Amino acid sequence: MPMAIITLTTDFGEKDHYAGTIKGEIYSELPDAKIVDISHSVSPFNIPEAAYIISNSYSSFPKGTIHVIGIDSELNKENKHIALKLDDHYFICANNGIMSMICSEIVPEKIVEINIHDKIESSFPVLDVFVKVACHIARGGTLEVIGKTIDDIKPIKNLIPFVNEEKNQIIGSVIYIDNYGNVVSNINRKFFQAIQKGRSYEVYARSYKFKTIFNKYSDIVNFDLPSEKRNDEGKGMVVFNSSNYLEIAVYKGNPDNVGSASSLMGLQLLDTITVNFMKD
Amino acid sequence: MPMAIITLTTDFGEKDHYAGTIKGEIYSELPDAKIVDISHSVSPFNIPEAAYIISNSYSSFPKGTIHVIGIDSELNKENKHIALKLDDHYFICANNGIMSMICSEIVPEKIVEINIHDKIESSFPVLDVFVKVACHIARGGTLEVIGKTIDDIKPIKNLIPFVNEEKNQIIGSVIYIDNYGNVVSNINRKFFQAIQKGRSYEVYARSYKFKTIFNKYSDIVNFDLPSEKRNDEGKGMVVFNSSNYLEIAVYKGNPDNVGSASSLMGLQLLDTITVNFMKD
Amino acid sequence: MPMAIITLTTDFGEKDHYAGTIKGEIYSELPDAKIVDISHSVSPFNIPEAAYIISNSYSSFPKGTIHVIGIDSELNKENKHIALKLDDHYFICANNGIMSMICSEIVPEKIVEINIHDKIESSFPVLDVFVKVACHIARGGTLEVIGKTIDDIKPIKNLIPFVNEEKNQIIGSVIYIDNYGNVVSNINRKFFQAIQKGRSYEVYARSYKFKTIFNKYSDIVNFDLPSEKRNDEGKGMVVFNSSNYLEIAVYKGNPDNVGSASSLMGLQLLDTITVNFMKD
């Protein structure tokens, strides 16, 4: 059996020694481990961001992969450590809502509250606890050995968009802003289509209104015009992004110069994105 | 035969899940793959930057390495996907000029326009197309199987500096600004020397004039003076950098505090760098 | 014998091709090498930062690991290249003080001044020299072959905090600010306790005074209050951090929004941190 992959998703940043230390410790325990960075640039303590990143990347890894998520992971009476088996993947993190995005789609096969902590208080639990658990699982160990089974995890709020009683409006919110400044809502394609039932729609973000949801960014370009007559770059648009979330985007946006959906339209995390469905 | 290396050069940034997703997908197809990040911090959609980065790093990898370049890679009628074999390396990218810097030096052995796309439109072509092609090549597959041969790639402008009719002036431009704020021109040593023919010269950048091109940064230091009497740090200078491009630099520059060539001299991408050659 | 791990700690940044080039070169020489990034985001030319990062991460790697440190590494008459064996780890860097933090705790087994340089001047010594030395060591080569033994390395100043004559005051300084904006002093737990001898104390940073040093960040939270009545987030505190240095921290600090110890208290690199010990 080949060694399992261990992925890392943290808010350690790119500069500090934390991620390097974690890797050294894993290689010391498991010389043949394959460690993959998913992200170390989650905003500090930002649980919804981490939830979005891990839920959109975990399933591209092989079954059996072990995902270590180090965000707000200090152990205290309100923030316990958990390990999950779900969709044939393993997740090790704090019970702080990070897993609620994935768990709202797929029921975990097993959840344990980790209880291997020694008496020593640790300010670096990813190193002192999560790595030990990851190596245990990588060696073929079971979850039961390192924790006691629990039934449920802590949810995070505002994950699921609101639908009005008449079922003609979705009120979602911004959950992520990506490297291109594109603004991702919590409205996914499946949810949208279940409410839409084929009706036409309008998407509202602040004072902006959109009547089309594209499948890719360059669909907004009018290729019939010669390129010097086009003005598609920098124009707002709506797509279902590659993770199938409704996204307010700007074609070829760049936060550092021409501007992005976030900067040009003033859209921030937690802002409201509304979809109105028309009468047939 | 050992598994080929697959390198990644993208504008995905350090935070989002895109690079992690790509890696998961490659490991799912090729458990023994060796994936190396060259850069995920190319400025969004910045083709010249990507061209500079890949042209200065690819050849340090072993022959047979597969380079995936994910910059402005969405497929549309004006932006096709290509795969190249050149210098015994493989490159997979959009036909948007990224390869024109390398191809201006070395003629590709083979170029194909990729035609394995399904009917589904993709807003994440690096995942949906480039990874498939990379894994195909890594397994020993040929380019002919995944595309139809084409003769040439799309060039980018302003790559080659201009030389006046009298052959006593090179007019180049800034193509890259590095992590130290050093300002890299498109004038490489070979090109410079071919025009120079041994003559003395002056390098102009904005209102600054330089009469010496150094081989390393600390060559500007006057080691005969005691260190407290030196004022070399923060001083402008010209070097041929480690990639053999003429570079306006500042000794021990740091954009975040003491300043850099870019910040101190106000030099930006696309600014003009001129070299005048003297009469003998 | 498995191939040794080679770690990289540099100020190359995340964007440029330098780190990718280094990795390509190592894989070209040693196809089975395992390369681990510790950090490429050390501030340009910042030797104390690099010293802090490497001293807090190296020992988590297996014995025999080779650590390449590329900070201010251009060779000149005042900045020689060295290789060290210490604590069964190897280090390759410039003799500019980077190793003085580790060497103040552990005496090196062997130090050599590298003398394998060709006549060609190099502006990329990490590529042209350090990689060669790392591969030599990884293949089982000895330090004697690539350099001449020297007795000592160059120290950096201000590493060790000052203690007054009465032994009732430690005057330390800020040596690192981490990704969470927490402010790390040069006062480590062992040093602190040796002076403290069990006495009570007050820690001063600018106009702030602290009477407790915590072991983890959430120790400041009053879990007896209902969560809506707490105001622990954003509050200053002192901990011995996971590297055992005295640190001025803010619970759940984030430089980008709520603020951090550095931003909220105006604490910068080199600022003074004082500890006063009380009469018994």
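When the chains are written out, they are named A, B and C in that same order, and each has its own residue count from 1.
Definition applied: a contact is a pair of C-beta atoms (placed from the backbone, for glycine too) under 8 Å apart; a residue touches a chain by one contact, two chains touch by 3 or more.
Predicted model, so just to flag it, every value in this text is computed and none were measured.
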Chain C against chain B, contact positions shared by both copies (same if over half, else different): different
Fitting chain A to chain C on CA atoms, where both chains share a sequence, rotation angle to nearest 5 degrees: 120
Distance between the centres, which are taken as Cα means, of chain C and chain B, whole angstrom: 31
Set of chain C residues in contact with two or more other chains: 14
Footprint of chain B on chain C - complex, ascending: 11-25, 27-28, 31, 43-46, 72, 74-79, 121-124, 127
Chain C-facing residues of chain B, complex: 2, 5, 7, 9, 14, 34, 36-42, 52-54, 56-62, 65, 178-180, 215-219, 221, 223, 227, 239, 241-243, 252-257
